[in-house]
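These notes open a run of structures that come right after.
You will see two complexes here that share chain A, one where it goes with chain B and one where it goes with chain C.
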Partner chain A sequence: MSLWVDKYRPNSLTKLDYHKAQALHLKNMVQQGDFPHLLVYGPSGAGKKTRIFCLLRELYGPGVERLRLEHMNIQTPSNKKIDITTVSSNYHLEVNPSDAGFHDRVVIQELIKTVAQTHQLDPSGQREFKVVVICEADCLTKDAQHALRRTMEKYVATCRIILVANTISRVIPAIRSRCLGVRVGAPNKEEIINILQSVCRKEGLSLPNELAERIAVQSNGNLRRAILFLETCKVQQYPFQPDQKVASHDWEIYLKDTAKMIVLEQSPQKLLQIRSRLYELMIHGIPSEIIFKGLLQELVKNCDMQLKTQIVEKAAFFEHRIHLGSKPIIHLEAFVASFMAIYKKFMEATVADLF
Partner chain B sequence: MACKSSWISTCFDKNESNKMSDIDSQRKLPHRDGVQRFNGSFTKEKVMTKDWLKEFAPKTPSDLLVSKPKLDQLNSWLQKASKTVGEASMLLITGPPGVGKSTALEVLTAMKNIQLVEWESSVDIDNSELAGSRNSTQSQAGKFEAFLMNSGRYISVLEIREGMKKLILVREFPNILILHPNLLQDILRRYHVMGRIPIVFSLPEQTEGSGGMFPKQFLEELNIHQISFNKVSDKSVMKALKRICMLNTGCDVPSAEVLEKIVGSVHGDIRSAVLQLYYECMQNKSRTREQHSALSTEQASHKKRNHITKPSTLPVGSSRKNSVNVCKKQLPANKTSQELESVGKDIQLPIFQRVGRLLYPKKSEEDAEFLAHDPEDIVAQTLSHPRKLFHMVLENYLKVFRDMNDSCRAIRYASDSDTMMSEFQERELTLPMALSTMTRGFMTCKSLVKRKWTPLTNQEYFTVIQRTRAVREKIIDIDPRYILVPRDAAMDILPIIYTGLSSRLDSYPYTNKICDISGIEAELTGQAEGRSNLQPALFTVTDSTSEIKVSSRKMLMVGKSWEKNMKDEERMTGTPYEIQESESDDENKISEEHVDAWIEDDIDFLDNFHHF
Partner chain C sequence: MQAFLKTGKLSGGQGSSSTTKEKSCSSGVSKKKPSLTPWVEKYRPQTVNDVVEQNDVVQVMRQCLNGADLPNLLFYGPPGTGKTSTILAAARQLFGDIYKDRILELNASDERGIQVIREKVKSFAQFSASSIRPDGRPCPPFKIVILDEADSMTPAAQAALRRTMERESRTTRFCLVCNYVSRIIPPITSRCSKFRFKPLGSELIRERLQLICSEEKVSCGEDAMKCLVETSGGDLRRAITCLQSCSRLKGPGIEIHADDVQEVAGVVPVQWVNGMLEVCHHNNYEMLTEFVDRLMQEGYCVAQLVEQLHEVIVFDNNMTDQQKSLICDKLGVCSFRMQDGGNEYIGLLDLGCTIIRTMKT
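After this line comes the complex of A and B, so read on.
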């Protein structure tokens, strides 16, 4: 028994619940026996990995389900040893190079080299290439991406690369042009509701439509989140009530509270507290973009139109900076500080107007 | 006699040779017939031939310039060490050159009637050794170990007094041990078991960022006591110089102004202060006697003197100090002392002082438009370890700033400079620019200055990194597959599984809202009360009963690699600093605050997980 998310993950392209036309395309493509490098992108929880897994299963048969965990030792030119964990089957290998921080270039090169240099001795009944799935490709450093570009061309005969990314804006154009882009959009509300209902049917539960709709809205197009919410609701209370509360994640609430704190008081001391809260969020693995987005959404609620433009401009500026720089906390803090300064000035002005 | 003893005792009988030379000098002083070590135009000036460092070396603890508590520490260690039987105690003395580490030790040991044996790395292969046996080319490390072991066991034949206690002093190490500190550590581990004589290691301050030869763990392992001497304050240097002037009746005493300049230029290095005083005295003399080409000869003679004093490792041991009169760079503050020819030690401000200058910028006294300290100095000194300063400033600036607009501007500069620093393709170019942007930015954007004592911390960033890794490890603990998608797992899976374990987020407000969503927690507490129904479901999740075969060494490997990665950062944060006795500057307000609380927090956090 495992989480519903894993339990009811479709395992063939025909069983996918949405974007069926795309699934059919992929199926046809794979049936030709070969395919180019892929760049699968879309928001998180849209089913990118599921789709890739289905594709691999279509390609290699059920053998890909036999996974094993492997550790690779890679030495950087500066003699630093990196351990990287990969999940692999006989036919493919999954890796997350951003695990290695800024040494990801070495990981990419070494890993693909070892995979690609072994040729299939007996191509009959098997494909003559292996597949390397690179997760979180948008987190790769520019350096690694450039290395990947060369590697991709060099080993095209023995290895196909599937890149998984949330956004392609951070994938360099050279790689984008070498891959077939497959966009997996988030499912819409109806699709989510359908899936939730089908999960419940399989579990033998009855799900009121109102609740399903509320979960779908709350999950914000993230199917994984929706199913997880559903399971939490089930744990909370069954039989389901139509007006049952749908829990949002603790970090989301925490983030909202942080935004409220910012609006409440603007001083360097407060900023210090905010920073420790931001750190807390980052420690728990919340990406800085999500923090930024969450903060901004909450903060602009308290602003009038003129202020909004200023704040959003600042936000855009510092969000860009996060990608240019190396320490997101500084830019997050800079944004919060700018907001505080602007907001304080605004409040003082309005108070002065009153008298 | 003197000659013989110095010939024999260059290697170990240090104290003895001092005694001898002291006697020599005492004998010579009244007769004024100093040994002529070089021929020149100075034969008449016998005072010159004396080594001031030796002659005016402190003889009693009251003459020492080391601060009282440090002296007490050293004293009590000596007492304890001489009493302990069985394993050898070890002491590590650190401090910038010229603060009198060795001198203090010598004075104290002399008082306590302890013989000081010193290791000296041999430079050349000894001929006699080669002749003696064929395979005598013992490695330096081997020699070092043999020295430690032997000197602990056997008493020198030349030893006169019986029942004298011994103490080994190590001030230099064979190069091989510096390159491979673990070799040294092995030797010392063996000595810790076998040896009986206490050892004292005297090292100049360990450089920033490097773990050095004595990492913290090792110190704890062998129970090595550490005393770090601070820079000598200007007042004490002045005191010492005055004492020498008083003692020294042979030549004219330089004016108070000159003394002050000397004190200002040496930055707490007594040895170089004494040397400079000596130089000044000579200059006075040459001026009054109107000798020709005074300067050049003086300088030449001065250098020559240095060469002579160096190899003989005299009490104050000038072997490490060859940069004494190399005029590297004149600091702006010393511009007035231009007539002082041989000044100019380039100082390296400790990081806390640099941060202090950034956060409490002082306006220049002459013109309020300018800053008292040149920001470029800070930049120049920080280039090798930019990140540490960066983190420290960022961590502490909010405690100092009072105005929102100022802090907004400051952090904006920090953001700029982080962006520049990340441009690693043209790092040589952008790094100084980034640092300059930050220093200038922080130094200029504080409008209202309110000074109060603020503890300075420097660990936040690294604890954050550490805890981030811990959380990541937890994710993989749950299901190894999540290592591929840590981002999604952290955002979606973890909150679901751990909702309710509300210590997940620090200082998390306990509101009704959150209690409502903590359904799984209810189940967890239900476990104790025996009414669990989701229990199996949750356990299977954490047990990772996926179809993945997990190799047994998995966690071990992962843990190790992170440990390795952490090493660098730990090194940076490892040494606690304190500024105890610096000039009456703002930097005084800064001291280290221990961040153990954080770490405990972290442990609690881990415990929670294990408990789960």
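After this line comes the complex of A and C, so read on.
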């Protein structure tokens, strides 16, 4: 019994539901037996990994589905031991070097180089190269990316690298120019609705169109989330009602409440309360970037244009600082404090104008 | 002095041998076709004479091949203009088969701290090289150390090079290759003869691409070719990689169109760039957020969008100079923040807000 997300994941390039022209192109490329390094990018939940697995399956046959989990130990030059988990089959290796934090360069140098250097043992096997899938390539440090660039050129005969990234703004141009970029855009609303309907058909359920549409809107272009929402709805109540409530994540509601508190009152005491709430969110593993985005979206809702531009400018400033510093909470709080200052000044000014 | 005399004497033999080598090289290349090599490698210039556009460098290298002494070199210029290709081709012509023994190539992926400079480079530089090849033919009596991407070396490592460069000048020449000459410390630049590599003209890129197209039997339409040349921005490597990717994606025998090129090159389509400005004209925050949301879902590269916006804004006729300068200032800030890893959504919103504000004034 697996989740619907996994159960109905398409496993061949021909079965993909959207961006069919692109799938056809990829299939073309694989059939020529050779392809360059790939850089697959797009928002999360758009089906990047799915596409890659379809591609690998097309390339190597069903053997890629026999996966095993391996733990590896790597020692840095400064004698620090790093544990890294990889998922691999006989033909490919999937690794997330950014798990190792700023030691990711060592992972690239050691692990990927060793994989890339070894030839395929069985020459009668279908392909003479292996594939290394690097997840979250946009989180790699600059050092690691530079280390990758020569590895990519040198071992091109024995190894192909597929980089997966959410955004390529952070990938250095040298890597970008060595890869074939594959952009996987999010599916639009109609495509999500179609997929939800087809999942329900396969499960033998009937899904009212209004509900499907609301799920599609709430998922915000993220197909994985849409299917998870659908399954949650099914657990909550079946048969579906057209006006059924679609449960959103707890943390989203919590974040919205936090934003409301900030708008209601601006004082140092409130700031302390906000701090504990922000900590609460971070303890539960919500990335600071998402907290920031969520806060900004909520806070600007009842401001006028001039105020909005001011707040957005502040947000961009502090959000940038998060990436330079090491403690996100400080910058989050600084943003909240400066919002309070701007907002309060504005409120006092309007009140003064009234009298 | 000894070295100078020796190189001088070798000149005649060296020159003639290299020209024969040249021919055999260029004819050999077109014959063997390993399917796995990227076209960039396959069509790398094999001789110094094949290097296009960079006349003064070619002149100097040609004289070196004819026996003049080779100075320490510093090549700088934008990527894809043939810096590495030039020095590799020259080395191949100078040394022929023993070229592997006479060259030490280090680039950013190798460990290149001060320790490596002290040990590896120094010990390599100290070996003296003979002026005769194993097969009895003459060759120049020095070795070449190629430091690729030298601008990513630390100043300490560069400083360690200074004395080594002078002391071992009898047996070793250095060739530094970098994009930004300003990141090389002055003591090094003053020890080298500097050569600037110009971005390639669009005609040359087009010519080169057409040659590859006919060699590889790729059909590429006129508009696609134009698009390739435009997106490359003078970077031949990028243009060739892009062409190869397109032809791989489309499969053999199918014509490449301009939109394929745009998609592969990661260019944001023009309607999105203009759309951004248009949305900003409306002075409406909700429309801006909606636009940004859609853009993020499409997954386009925002850093690229910022670059393209810059092009559009600079040549826009409806804005005053002051407005342009304000917006460009913000563009710079945004681009910088995104390089550091800043959130694209917030950065783009910030940019949009700035444009809206400047449009109003």
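Here, the second predicted complex is superposed on the first by the 350 of 355 C-alpha atoms of A that agree within 3 Å, B and C clash if a C-alpha of one lies under 4 Å from a C-alpha of the other, contacts with A are read in each partner's own complex, and residues count from 1 in each chain.
In the analysis below, a contact is a pair of C-beta atoms (placed from the backbone, for glycine too) under 8 Å apart; a residue touches a chain by one contact, two chains touch by 3 or more.
All figures in this text were calculated on a predicted structure; none of them were measured in a lab.
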Fit or clash - chain C, chain B, common chain A: fit
First, second, both or neither for A:Glu231, with chain B first and chain C second: first
Which superposed partner A:Leu264 touches (first chain B, second chain C, both, neither): neither
First (chain B), second (chain C), both or neither touched by A:Ala349: neither
Geometry of the superposed three-chain model: angle at chain A (Cα centres of chain B and chain C, steps of 10 degrees): 90
Touching partner for A:Arg68 - first (chain B), second (chain C), both, neither: first
Which of chain B and chain C A:Leu324 touches, first, second, both or neither: both
First (chain B), second (chain C), both or neither touched by A:Ala157: second
Partner chain in contact with A:Thr309 - chain B first, chain C second, else both or neither: second
Residue contacts with chain A in the superposition, chain B compared against chain C: B
Touched partner set for A:Phe35, first chain B, second chain C, both or neither: second
Least Cα gap, in Å, left between chain B and chain C after the two complexes are fitted on chain A: 9
Chain A positions touched by chain B in one structure and by chain C in the second: 324
In the complex, chain A residues that touch chain C: 25-26, 28-29, 31-32, 34-36, 41-43, 46, 146-151, 156-157, 167-170, 173-174, 176-178, 180-181, 183-186, 220-221, 289, 292-293, 296-297, 300, 305, 308-309, 312-313, 315-316, 319-320, 323-324
Chain A-facing residues of chain C, complex: 35-36, 38, 79-80, 107-110, 152, 235, 237-238, 241, 244-245, 248-252, 263-266, 283, 285, 289, 293, 296-304, 334, 337-347, 349-350, 353-354, 356-357
Contacting residues of chain B [partner chain A, same complex]: 394, 398-399, 401-405, 407-408, 411-412, 414-415, 418-419, 421-422, 460, 464, 467-468, 471-472, 475-476, 480-481, 483-496, 499, 502, 504-509, 513-514, 516-517, 519-520, 523, 534, 536-537, 540-541, 545-551, 553-554, 557-558, 560-561, 564-565
Contacting residues of chain A [partner chain B, same complex]: 1-3, 5-6, 44-45, 49, 65-71, 80-83, 85, 87, 94-96, 99, 101, 135-136, 139, 222, 224-225, 228, 231-232, 235-237, 245, 247-251, 253-254, 257, 266-269, 271-272, 275-277, 279-287, 290, 318, 321, 324-327, 329-331, 333-334, 337-338, 340-341, 344-345
